[in-house]
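The structures come next, written out as structure tokens.
Common to both upcoming complexes is subunit A, partnered first by subunit B, then by subunit C.
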Partner chain A sequence: MLRTIRIALGAIAFGAFTLAHAAPERAVAIGLQAAITSIDPHYHNLSPNNSMLLHIFEPLIMRDPNQKLVPALATSWKAIDDLTWEFKLRKNVKWHDGSPFTAEDVVFTLKRVPDVPNSPSSFATFTKPIVDVKVVDPHTIVFKTASPHVLLPSDLASVLIVSRANGEKATTADYNSGKAAIGTGPYKFGEYVQNQHVILKANYGYWGGEQPWDKVTFKIISNPAARVAALLSRDVQMIETVPTSDIARFSQDANFTLADKVSNRVIYVHLWQWSDKSPPYVTTKDGKPLDKNPFKDARVRKALSMAINRDAIAERIMEKKAVPAAQLLADSFYGTSRKLKPAKYDPEGAKKLLAEAGYPNGFAMTIHGTNNRYINDDKIAQTLAQFYTRIGIDTKVETMPAGVYFSKATNGEYGYMLLGWGTESGEQGSSLRSLLATRDPAKGMGVNNRGRYSNPAMDEQLSKALVTMDDKKREGLIQLAAETAMNDTALIPIHFEVSTWGCAKGYRYTPRTDQYTLAMDLKPAK
Partner chain B sequence: MSDIAPPAAAQPAPVESPWRRLVAEFAESRMALFGLGLLVVIVVTALAAPWVSPQNPYDLAQLDVMDSKLPPGAASATGGTYWLGTDDQGRDMLSGIFYGLRISLTVGVASTLFAVAIGLVFGLAAAYFGGWVDAVIMRIVDIQLSFPAILVALVLMATLGQGVGKIVVALVTVQWAYYARTIRSSALVERQKEYIEAAKVLALPQPRIVFRHLLPNCLPPLIVVATVQVAHAISLEATLSFLGLGLPITEPSLGLLISNGFQYLLSGKYWISFYPGVALLATIMAINLVADQMRDVLNPRLKR
Partner chain C sequence: MLAYAIRRLGQSFFVLVVMSFLVFLGVFAIGNPIELLVNPQADEAERLRATVALGLDKPILEQYAIFLGHAAKGDLGRSFVFNVPAIQLILEKLPATIELALAAMVISVGLGIPLGLIAGLKPHSLVGRSIMALSIVGFSLPTFWVGLVLIMLFSVHLGWLPSNGRGETVMLLGIPVSFLTWDGLMHLAMPALNLALFKLSLLVRLTRAGTREAVLQDYVKFARAKGLGPGRVIGVHVLKNILVPIVTVIGLELGSLIGFAIVTESIFAWPGSGKLLIDSINLLDRPVIVAYLMVIVVLFIAINFAVDVLYSMLDPRVRLGSSSAAH
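Moving on, here comes the complex of A and B:
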């Protein structure tokens, strides 16, 4: 009897001893807002995917939390002449399966990007400028472009490199199942269930050093209230996009910390300028079409911008998680002009401008916008309507889900369009080019110019900037183009969203301007 | 003893009109009277909303976002007082509730009236004609009733779009079947009775038999169901608005006001949801109290 007890005690003591010495698994769970549609890095160019796949795969050049370009799989790069770029690749990088990373993998990736079948939104725009690739040695590669292409490093930061050995015959389904999801990144593929979760395991052989987590579980929790509840119950240790209505609640609670940062997303208004006809949903006060298009008149556009009290929206609607905007990117970004300041709230001045433009009694219009895409989008639309009603424009509001809204806005079915735009490249030239350049899809100009604003002076400054290789000179030209457009109120910028992450006590997140949620930036708080 | 008053029975019995009897029986329940009083106050407030509200909550020029989310009793920028606070757009909650009641009652009453009218025609037709007419109508009713009302309403609102008129259409669609079924069952019973036989023997025209003889005798159960369904229609409208499918966001009804405030509950701004919720509760409760007593009064089985 005594003997048995002794053995049992010994066993317990031994068990306690081993438990104390086996390091506990460092696991963390993160609540995400949007579903990940694929693990194939070249299938769907979508922010949530791009953010998730940065854990498994890496680009040649990475963007840091402030969207400055930093070396990743390439250690250095330079333009040899206007049409030639040389990239030096990182040595001693291993794929998750142990094979070495070489220039051949880059060649294979560039070949694969344009022919992924059924891609809903292709990455080919980023690789298209490259017309020829030459491998000098396993760790040196040279790219040729048809015309000077200054944005090549920025473009390549959006292309994740896959391995030739695993990717040669792999389909999107092979990536989703994890079979081909072999990258060089800090985390390995664990499990992927669309609309539910993604599980990642630490890559202990990562070239960039050890990660703080052994296992990371990303849970998709689209409903904001459910996401908040998950954090409150510690079901997850961090959530992205804390609803503004709950910010007061979290900031008062010592058990949680918030991390926030001005994002690269601007909330703005496109005004319908497709023709001289009366724009859709813009009429006289008794419902008849106007005899001309008021939005073609810069004075009307300026009045519509001056009528907005941006500080009130930022403070009251966004709970201070927004910064009033004067251009398409916040001041810290490349190509932004310090001369541009947010339009001052001046309803009397706006009325005067409207009268000058021939609308002393205003007109009637409907604001169209989304109700599920941007932070507080439907509330912003309502508040805008308040401001316009005050300067004598009878304003109605119609908001709808993004799925319905965007295609109609793209077809020019709305007059006053409330929209948002995130500049992934982090430099203002690309957003001016996409949103405000005279529309010419073949040249990639004005692709998202839903208002059809057109200004030859700005087009010229912008085209010049796009072929100027010197960084300083180019920035000056982009700033000039931005000033030309914004002083003409080409669109009405409202504010930059401030993205917010909420962490449980004991965790610290380094916030990013690109709204990405990366486990690499989540650390245990000291 | 001669000074004893003559017994009541000896007096000529007052000619008791059925209406007066109904009123007397209704007044027997204090709860019902309370409910009726509350309902009258609510209806009068709703009707008088434009004159008693401090602000027109649907006129965007009168809202000020700088006054948003103020607690009850706070002073407004223009010198007034927000007795019940303001919502996220700076809308006075008290005015919002008065106008919201207006929408809720309009939608509730209008949709019930239309649904009763439609249900009545189909129910009577089914009962009177019987045979295949009955079978077809009642199978349609069965199918209609086998779907949850909220689901049908959601689908309809998603296709029709927003607006008071469209909400009424959706509510009529989901509610007419209840009335059709109610009126059919009572009409089936009445149809067997001698007075209908007599009318048939007299060779009266069919519409006259149906509408002058059959219909009036089927009404009591219908009135009871309709009163309960008004409350149901109001809560269904609030549910649809809460889900963002009812009315335009610039013209909130009670459901939309509650939904707007719902997001702020965890942040301690209770008043945005709480007071419209109380108003909705009071309205539905008042209607239900009245409806309960009506059922008791109109039910012959409960007659003493």
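Moving on, here comes the complex of A and C:
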């Protein structure tokens, strides 16, 4: 018996040995934070999915690590008039099954996007503006919109193209099993196990050139400590979202390198301005409702912003992995204004402003926020409370899981709401529109305006920007709208999260602003 | 016996229905899943579409009625997040959890009962005292911390064992198991030990207490006086008589090992159903939460039933179905 086992083991070892010599496989494993819910690129508009599926599928236009638009399956695009866009498609692109990529695949994709059964969050928002599609030739396609839609290229950067031949009868399950997961991207589908891992194989025929890895394994390791342990023990060569508490350890260890970049996510505060009544959880110091809504007074909003020591939060709470914010996106992004600077920490000035507004003795309020959504979210809430207590506002803190918090915040049940927002398009106009425009859901304005801030002057500047086709002019209008809103303290920006990736020695990652973790950006270090 | 089984089944069915209703209401009260599912960048029309697509536009009681109707046909609903039948998702993950729980149980029973016997037979010796001291350590250290220490020691410093995931699996009777491959065993070792530690200490203390009580009993003294060897005295007279409470505890603990191995699973990224439950609660994926808890209730019922049967085999005085077995 023992002999047989020994022989068998010997045979296995020999087999492994010969295999290893036949093909020195360049493999890499990456630890991810959140589960991938589907391989169907049109099923669930969720950051971890969108990031993962960029390996297999490609959009017409891609976003580079700084979220600038760059050609992908389309080589060029232009607006012919206010309602017509012409896209030139890349030639000699092959699907993973060898068939050629043509305009028909784009037509099919646009048809499939709004039509995926049971989709919990579809991509229809991005394709809806297109009312008509015309195929001029296999590599030229023309889109018509009902009204001028300047964001069309940016919208299409979120839509991954699938092949008509493989997608025609395919269900979400067919994509998950790999049967229909035929893309044009640098990696092919290998294996997908929900909540466990995704394995990708290199696409050697990729139009964009050779990739550094033959095989990439993405492991889902949600627990931060476990993710760190996996990197320390080299079970994976890279992890995303290094916990702030471990940053010091990695930066001192020569066996690891950290890559970080300011992200498109801002942590901010919405103040309840639904009516002139006293906001929820905002009272006098002895617990009675206020006679009016203090958050409707720009002086109070400004005082609440000046009371925050943003540098201290970035330095101590975030271990320097945050950048104090003055608007909704960091300076490098489209539509941001250089004139806006983070509010200076000035508790005395804040007290004076409160007194001017009629609250010389402050008031009482409760900060509501999440405790499992953003980096150190509950610690930030605690720190804010301390700052407010210093200027005479009695502040309590209540944090809870995102699943509980968001429904209530959306229903206007909280007065002081700590939130986060990632601008996936990378341009400030869309954020202003969603977070601060006067709420009008039918027009797509103020969809996430949980504070119900309303400023007609800013609305007008923003609406003008949305129909201005000229890029430079539009940027000017968006900057103007941002200045109007932020000088009025429409919301209180706190900081931009810095995303951090940890690599083992010998690997180098090019960090991205959109917090995506892409094997294409991971290279062996020389 | 048959009447007993039928009555048990009726009670269990009632528990299932009540529990599904409570979970339904509970998840509804927590919050609106649409807030977490729909991408924040989406517009209002998209929110409405998703609400309707997932059936969340209907009143809660109507949703529950629809759920019951489908459940009667064996369909517990589809996961909001993964768009696959909830029960399929759970059954895919459950074998990994059961394997982990059984491995942990084998470790705790295999070590716990012998160690407990030694400690109980020689309570004042150095060995007996050391065992008790160690069991206190096993009791008081949090699983979370022990798991991380194990990883730091065996994966990071010594590099002997992998820190996360489940190793290579092979099919055994149509179920993927990992304990039959070397890679699988390496991956299984640490999480199983981590999960076993608490139960191990529990079994040591339970066995020791039972043993100390039993050795003073007349029948043990009598057996010794008859001149029986120590092996037979301990194996038959002591062990068999202290097994009833131990089997009860093992049964209950096995259920909780399977149902709530969540902490260990998340530290070792073990792809089991506990991790699925936590993820589903965080995303308010109601169909999976409801289906998972129903599966766990069924499991508890089955294990307790098996325990009752075992009692009657261990202790001839226990008769199933009669009023004396009111359990």
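Worth a mention:
One rule holds for everything that comes next: the second predicted complex is superposed on the first by the 503 of 526 C-alpha atoms of A that agree within 3 Å, B and C clash if a C-alpha of one lies under 4 Å from a C-alpha of the other, contacts with A are read in each partner's own complex, and residues count from 1 in each chain.
One rule holds in what follows: a contact is a pair of C-beta atoms (placed from the backbone, for glycine too) under 8 Å apart; a residue touches a chain by one contact, two chains touch by 3 or more.
These numbers come from a predicted model, not from an experiment.
In the superposition on chain A, contact of A:196 is made with subunit C only, not with subunit B.
In the overlay built on the shared chain, the residue A:225 is in contact with subunit B and with subunit C.
Which of subunit B and subunit C touches more residues of subunit A is settled by the count: it is C.
Of the two partner chains, subunit B is the only one that A:245 touches; subunit C does not reach it.
Touch criterion met: A:396 reaches subunit B, while subunit C stays clear of it.
Legend: residue contacts after superposition of the two complexes on their common chain; A:316 is shown touching subunit B, with no touch to subunit C. Contacts of A:371 after superposition: subunit B is touched, whereas subunit C is not reached.
In the superposition on chain A, A:425 makes contact with subunit C only, not with subunit B. Touch criterion met: A:385 reaches subunit B, while subunit C stays clear of it. Put simply, subunit A uses residues 225 to touch subunit B in one complex and subunit C in the other.
Subunit A contributes residues 35, 37-38, 43-46, 117-122, 124-125, 128, 172-173, 176, 193-197, 219-223, 225-226, 229-230, 232-233, 235, 372, 401-408, 410, 421-422, 424-425, 430, 434, 441-442, 444, 447-448 to its touches with subunit C in the complex. Contacts from subunit A toward subunit B in the complex involve residues 224-225, 228, 243, 245-249, 309, 312-313, 316-317, 371, 378-379, 381-383, 385-386, 389-390, 395-399. The residues of subunit B lying in touch with subunit A in their complex are 59-61, 63-66, 68-69, 88-90, 244, 248-250, 263-264, 266-268. Against subunit A, the residues of subunit C that register as touching in their complex are 30-33, 35-46, 49-50, 53-54, 78, 80-84, 89, 92-93, 148, 151-152, 155-156, 159, 162-166, 266-269, 271, 275-276, 279, 281-284.
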